[in-house]
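Each of the two complexes below includes chain A, the first together with chain B, the second together with chain C.
Right, the complex of A and B next:
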């Protein structure tokens, strides 16, 4: 994971994400925003999953799929 | 000390010139500046922007005689005591490069590229320039006939960018489309037409100013968010892309660039590699945007030319948004009469 890229992203409480290097902006929902916060805090995949499991009523498998999906999207947009 | 600066390109139309932005940046710089607009038509909107342009004069076309162009500047100079001219139009740059020594003798200073610098940034020499500054250039072929276009399409494939010598660029997905765009551009702008390999990515611009000794006087980068049909940026956001800034500084150093410029590039989606598209040898129409963000390049240029201290930093915030808009002015027909009859606007308050 390229955490340098993540570190420079401007992420607002509303889920608005601005990439100051490319000038692109994105919107994440509250779940996506929470994943981004956890990644920015230095959590790895397992750490994100574990924190999310405590906070959301969802099974580990379901969480894994959704988190992976979101992370793949971040990579696709060069945000990670 | 009051400084008088004459500025061209005050045509704030759908294909806007940079002049009005330059004048606005100068007026907001804190310097005591009198701005003179140099127009080519009595309906150039800048003539009527009283709050940023103090007085305007109609100039003879730069394609006409050199003597009449110089005579008109002499005439204006005799009344205005011009300290600096900022040329903001591609078409007049060759004549200004030619007469700069004459203007210097008159006490008028300019910061413009030399003929050699101008030649090196030509659209048809991009590959050479790209190699010099360590970036890429999209593969392209220069076409002066439909036969050339067919050959280019065979070599470069589709989609294919079909670009005019000055303005307009279209993405063609088939030879039929490419021929249509080729003809349309040739009728409007003439030859050569450039057939360029399509690169998937986003367009970015960097504005800067070089002092002529390889030093930059500040740079400012944007991502184009909205582009007009003529390829002009309409909305933009400031970005801090160090690769891009570094490439721009290499342009200034490598060419010992003298004057304002706009470095147009494309960042490829897949690789984030920088492809140089064009270097415009003057400030772009969005020159006020960086000034509004603390990088006032027209002011720095005037300060350099008039022997004052000037900033060279490029400290600005990313995420600043430029929103261009259209507006209407209500003037009297007598204002138009004054310009069209006497070749100059009335003094403010007259």
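Right, the complex of A and C next:
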């Protein structure tokens, strides 16, 4: 997973995300922000899932599907 | 303590994309249909399941008939079997007083089997086998003939019964709408319809009793019915004068729209589809303008979709969630286009059975068939749906339960919510035996030789 693009993102606590390289901006909700943080910290899929499972009331199956979907979205936006 | 989980989202901000119209979408959810919990229906009948409401069918019929009969003294309505010929649906409408309008020998037999007498059946359609015309004439049905070959066929049928029978003709005309439905019946403008009447009146076995037309389907313009009434009444006058007969019925068919959203229409159906009363006004007001009281014939409407479409739903279940390569969210549900013939031209209203928090996005809903064309809803604005979410699609009551096909999967149960809110199964789910029953395998094909 190439995280160079994630590393340069300016992420505010309110969910506003700015990419200084492309000039594009994004919004994310709190769980989206948390996944971004975990990815930026170098966690892999399993690591993200495990951290999210510790923090949120969600089953592992649901987290797997949702994290996978979130990562697909990041790829769509060329952020990964 | 763990935090509440909301499905994650990230969305790119775009500027300069504007829409002239604000559209509404359902941000709520639907836990019940006509007072019955969705979960109670699926627990009993499984998923997917079609659901019909007896109450709404009756109410829609009564609204239309009472309005029509308040405006025209000899108003009649006949239930269009092809729209939904499930026995229970037909029975509700026959209880209300509608006769049966059928377009094939199969539908004729179905109506008779249900207990509808021959003289309460209108037999339309462009193809009527000889034997079916014999039966229909013998049993007193109103037979509307479509073409010259059919006149000859009806004459042969009447001759075999040894007496003269009343028949109707189907006519077609330009009512100002495009595309014109020109394939059903005899053309009025070029004299074809008049010649057909001439042919009938010269027969020893047939006499003209009525005129039928069906100008189109899902008509959005009531003025087309005004034109139809004017042209049919003119034809009736000409026929009555020329042959010194009295035409006893006119039948303006169906074609009134429901509040379904046609693909390619920009506005929501609440805006683009006029109320059914406007269509009845077009028919009844024009009749009253064109006719003298002494000549009022019986006038039939064969409204199907406008009665039953909004009385039907499909409950279906999300089985999988997928992100397509272009980033579009997609869902796979357990009901496909084999059950939903009308998905080819409608964008269904999609509701969910529970509150789901998260960002809404345009999503595609695919069916379960191993076919690329199995797209049930091309674009629905939905929150992130977990597997197992029930979707309630509507309106569903018209044409799906007649045009559905057994393909790849079985056809599901159909349930009816009765007026007392009890729920009855009116068609059980198909079984393997229903499908293989008519098949047979030649003896030489019965032994298999699988390679090791």
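Rule of thumb we're sticking to: the second predicted complex is superposed on the first by the 80 of 80 C-alpha atoms of A that agree within 3 Å, B and C clash if a C-alpha of one lies under 4 Å from a C-alpha of the other, contacts with A are read in each partner's own complex, and residues count from 1 in each chain.
To be clear about the criterion, contacts are C-beta pairs under 8 Å (C-beta built on N, C-alpha and C of every residue); 3 or more make two chains touch, one makes a residue touch a chain.
Bear in mind the structure is a predicted one, so any value in this text is a computation, not a measurement.
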{"item": "Fit or clash between chain C and chain B when superposed on chain A", "value": "fit"}
{"item": "Which partner, chain B or chain C, touches more chain A residues", "value": "C"}
{"item": "Touching partner for A:78 - first (chain B), second (chain C), both, neither", "value": "first"}
{"item": "C-alpha centroid angle, chain C to chain B via chain A, nearest 10°", "value": "90"}
{"item": "Partner chain(s) touched by A:66 [first = chain B, second = chain C, both, neither]", "value": "second"}
{"item": "Touching partner for A:10 - first (chain B), second (chain C), both, neither", "value": "first"}
{"item": "Contacts of A:24 with chain B and chain C, given as first, second, both or neither", "value": "both"}
{"item": "After fitting on chain A: smallest Cα gap, chain B-chain C, Å", "value": "7"}
{"item": "Chain C-contacting residues of chain A that also contact chain B", "value": "24-25"}
{"item": "Chain A-facing residues of chain B, complex", "value": "202, 204, 222-223, 225, 237-242, 267, 272, 318-319"}
{"item": "Chain A-touching residues of chain C, taken from the complex the two chains share", "value": "2-13, 321, 323, 326-327, 329, 358-359, 384, 386-387"}
{"item": "Chain B contact footprint on chain A (complex, rising order)", "value": "10, 18, 20-25, 78"}
{"item": "Footprint of chain C on chain A - complex, ascending", "value": "17, 24-32, 34-36, 54-58, 62, 65-70, 72-74, 76-77"}
